[in-house]
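Read from first to last, the chains carry the letters A, B, C and D; within each, the first residue is number 1.
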Amino acid sequence: MKHKTDEAPMIERRATRRTTDDRWRTALTCIEPNKIMIRGYPVDEMMGRLTFGEAIYLLLMGEVPSPGIGSLMEAMLVSFIDHGATPPSTLAARNTATTGAALRACVASGVLGFGRYHGGDIESCMHFLDAGLHLVRDGATYREAAEQIVNKCRASEEPIPGFGHRFHTRDPRAARLFQMALELEVEGEHVQMIRAVEILLHDAAQPEAPLPVNIDGAIAAVCGDLGIPPNVANALFIISRVPGLAAHAREESERHAPMRQIDPKDHVYDGPSERRLPDRRSR
Amino acid sequence: MKHKTDEAPMIERRATRRTTDDRWRTALTCIEPNKIMIRGYPVDEMMGRLTFGEAIYLLLMGEVPSPGIGSLMEAMLVSFIDHGATPPSTLAARNTATTGAALRACVASGVLGFGRYHGGDIESCMHFLDAGLHLVRDGATYREAAEQIVNKCRASEEPIPGFGHRFHTRDPRAARLFQMALELEVEGEHVQMIRAVEILLHDAAQPEAPLPVNIDGAIAAVCGDLGIPPNVANALFIISRVPGLAAHAREESERHAPMRQIDPKDHVYDGPSERRLPDRRSR
Amino acid sequence: MKHKTDEAPMIERRATRRTTDDRWRTALTCIEPNKIMIRGYPVDEMMGRLTFGEAIYLLLMGEVPSPGIGSLMEAMLVSFIDHGATPPSTLAARNTATTGAALRACVASGVLGFGRYHGGDIESCMHFLDAGLHLVRDGATYREAAEQIVNKCRASEEPIPGFGHRFHTRDPRAARLFQMALELEVEGEHVQMIRAVEILLHDAAQPEAPLPVNIDGAIAAVCGDLGIPPNVANALFIISRVPGLAAHAREESERHAPMRQIDPKDHVYDGPSERRLPDRRSR
Amino acid sequence: MKHKTDEAPMIERRATRRTTDDRWRTALTCIEPNKIMIRGYPVDEMMGRLTFGEAIYLLLMGEVPSPGIGSLMEAMLVSFIDHGATPPSTLAARNTATTGAALRACVASGVLGFGRYHGGDIESCMHFLDAGLHLVRDGATYREAAEQIVNKCRASEEPIPGFGHRFHTRDPRAARLFQMALELEVEGEHVQMIRAVEILLHDAAQPEAPLPVNIDGAIAAVCGDLGIPPNVANALFIISRVPGLAAHAREESERHAPMRQIDPKDHVYDGPSERRLPDRRSR
């Protein structure tokens, strides 16, 4: 009743030795016995010499970052590490955790929420700034370019990507990132472009309804000036949010009853009060 | 035909002001207007002062790590950042990428593969070492304790967690991590315990079939000595593998045709040849 | 600077024609040009002749079910199709939907919540009943076996799998499934065993705290009597909940604003009032 | 050092009784004690009276289908139930299974692969046919409409959605679904439109490179004629593929070694040979 189709037509035959050109290619990591090389660097030599943030840059961009770019990478990754208990991605992770699921399942459930309305602004803002810079290269001033790209958004009733926030009227992370980019002398035309948009919006806004640059916008501008393409910026966002998802899922499992009903707004923070970083940390 | 049940019995009523004690609690992050505090530290002050690895430790463990522990955190996170194109988690991510899925979906698909046989060894090895240390505290020598826990594994036909590797006869990452733990003076009883097991296995092994400590074992021992609990060690593993999943998913989308059939072994590495890190990186 | 390793030692060579025995095997579906055979049956012949529920049984169990077993399959799959807006799996799907994610991502996010406390009871209850039947085969009465397995649960402070419900004091789905199993003459020792446990618990319970068989318990007993193994019963549970996850994710996207905060209990049902099925449906 | 913010400004207050209008709404399922109503029908009354396929239609579309539409639902769901071991979604599920992951994780990993190039054709084809029917309503013949929409695809170098297949030159599932739609008298303008495109492509094609309607196209046309919107058709596709993902993940766990390297093409089918359905099944 059972048969084995030795000659099944769908099975590709490999009667001859495969040549290099038939094989698919990857340029990320080379594994040899007792040797793991990431973009050419032995991973054991990277340990202790590169930070995780620098290794992430190396893996995604292909080269070890300069110290200044490395510092900006760390700052961008730190800026997103957690945003409290109310983002939908965090709630997806917590709702999965309350069922008794494994940590990896909670993290996966949360990662799936980094969609169009949640983190997607970084890529949108990069394309928005590039559209403005295209106009600048064609002769427009930054102010004129800002006016054109803002008007285009408004005409299509789209929000302006990288501006405004549900909770904050001034995003402290954006300010800090711009300050670091200035100090590390990596500011360039993308930061200049987003500044022009910010000034334009400030001039136009009602004082009670400011529309400040948010952290998505700041990261979009800094990534643009560092030559990081939009899909790598998107990867950085996903990477940076995973520790927060893991921390919330673990806290859910350890502090709360299983199968509870999680009302996002009905919580209270009971961790440490505001405090200062140890002095030695001021590098 | 439609009705609205104003008095539906399943809807909990909240007729009175909620007190703090009715609300659920979180100790991770406090969000106030224009202020985001991670474990009490304003995130904008963390940017530029803490690395991503240090911020991960803060978020999961509650305190800023000492510089030595911070360096070990970075090294552990770097050690797992990628392991080439053949791990099943990476292949799940690549198979999802070839369907045209979003990067977050590819990452989630890959994260789900960090299961019992893939990364699960870290937690198993921590429990294994703790069982040995329990015997030591009851008066056994490390050698005697090692014999007992190894025999228990063998009696139940379980592999010894944290030892052996599919590809490598000597895991270069494990050696490097132990060296760092020694130099940073954080070696403790867990490292001593795993060393005792390693010597025992070495004495018993056939020369042609060595069973060396692998990176899972090394991380288990070092996390044990740092006071990092097993579920946080598991979170670190998941976090550390996400950049690799993202890099493979992105490379799949950019270099290969959609809907291709991915034979894991049929690939060739075409990235940079082995190279040395820039000198300034020898911190 | 780039190299291509034609002789990389990790790449398996396939210098000779592969024989059948080297290849891995699958017994589910055979694909030939213009022909798709599921367990030997051409899928186009199955269309119109087997229901989806019967085809699910065929795929998982290997044979076309008898009409009676087919009807029970449909009933079990229908019984779980949705449980409203409050289960954590549904909330994970809705929280993912509110970020603008694709339907498949919302479904995946929800599926990950079918964990230890959410659907896991079916498998636990099957093992619980099998433990009782083992005692019966060794000479115990059903009542004695029920006492032993219930006492064992209570000694380890585990809840009794397949009994009790957060909301319902009597699960209407369980009653209906037992009635169908009786009418279709597939009741057997597993149903007899769960009945013995139910009577035992009823005798012992306070009238105000009944502990009725729930739908997980009923499905566990019926699957046991049908010879469906625990992991297939688990697969049926996952399959049966997917339409509900998809329906909630779609409703979330179509009826609600993006990035909203979803309080599980703060909702009202505004669909059709209770109604009767069309008469012709009384098969 | 710890504080509890009783007055934290981010916590929404609910000092008064909530009215119906403040609550969010769902029209899918109403849960009352001992009562579960799907779209108004008690689920225990649905058990034994509706098939799973009919219940899926009810949940997604809001009403019990007519017998003819019910039969088409079953046929569409059966048509996709499995497509062998080579689709990338199946391989993502198998690669996750080989790590020892839970069945739900394998299913989720596979579901994430139903992307742009894998199942996405159904929605694309529905929009494609609607574009043609828009032209017909404006006075074009079906042939003229077909020419315009095909030319538009070709101008943008997009493949024609719903036509062609990687493996099959004639999709047996498409032929069967059209035959059923004809017999059940639900054929309408969408089927007519796709027929017009098929004839046009047949006239233009080289005999050795036919471009037949595939099952995605057939489902798109039939769903269009049944009034099923594109996002529900997409939900049906996801639902229909879950049993296959579960069956492959289970087979992977039961028949193969953990952590194996899965070459998609290197397999052989060893299930039952082609066979005929039992006679009583010819409804």
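The rule is short, and it goes like this: a contact is a pair of C-beta atoms (placed from the backbone, for glycine too) under 8 Å apart; a residue touches a chain by one contact, two chains touch by 3 or more.
Note that this is a predicted model, so its numbers are computed, not measured.
A.B. asks: Shared interface numbers for chain C and chain D above half of all numbers used, same, or below, different?
C.D. replies: Same: most residue numbers at the chain C-chain D interface appear in both copies.
A.B. asks: Going by the average position of its CA atoms, which chain sits the greatest distance from chain D?
C.D. replies: The chain farthest from chain D, judged by C-alpha centres, is B.
A.B. asks: Which integer distance in Å separates the CA centroid of chain A from that of chain D?
C.D. replies: Once rounded, the distance between the two centres reads 32 Å.
A.B. asks: So the centre of each chain is just the mean of its C-alpha atoms; given that, what is the distance between chain A and chain B in Å?
C.D. replies: 20
A.B. asks: Could you give the separation in Å between the centres of chain A and chain C, each centre being the mean of its C-alpha atoms?
C.D. replies: The computed centroid separation for chain A versus chain C comes out at 37 Å.
A.B. asks: At least two partner chains per residue is the criterion; list those residues in chain C.
C.D. replies: Those would be 4-6, 8, 10-11, 18, 20, 23, 30-31, 33, 86, 102, 104-105, 108-109, 112, 114-115, 167, 262-263, 265-273.
A.B. asks: Of all residues in chain C, which touch chain B in the complex?
C.D. replies: The contact residues of chain C facing chain B are 1-6, 8, 10-12, 86, 102, 104-105, 108, 112, 167, 265-273.
A.B. asks: Could you pull out which chain C residues touch chain A in their complex?
C.D. replies: Residues of chain C touching chain A: 4-6, 8-11, 13-20, 23, 30-33, 86, 88-89, 91-92, 95-96, 98-102, 105-106, 108-109, 112-118, 120, 166, 258-259, 261-266.
A.B. asks: For chain D, which residues count as touching chain C in their complex?
C.D. replies: Within the complex, chain D touches chain C at residues 18, 20, 22-31, 33-53, 55-56, 59-60, 62, 64, 67, 71, 73-75, 77-79, 81-86, 102-105, 107-109, 111-112, 114-115, 167-173, 175-177, 180, 231-232, 234-235, 238-240, 242-244, 246-248, 250-251, 255-256, 260, 262-263, 266-278, 280-283.
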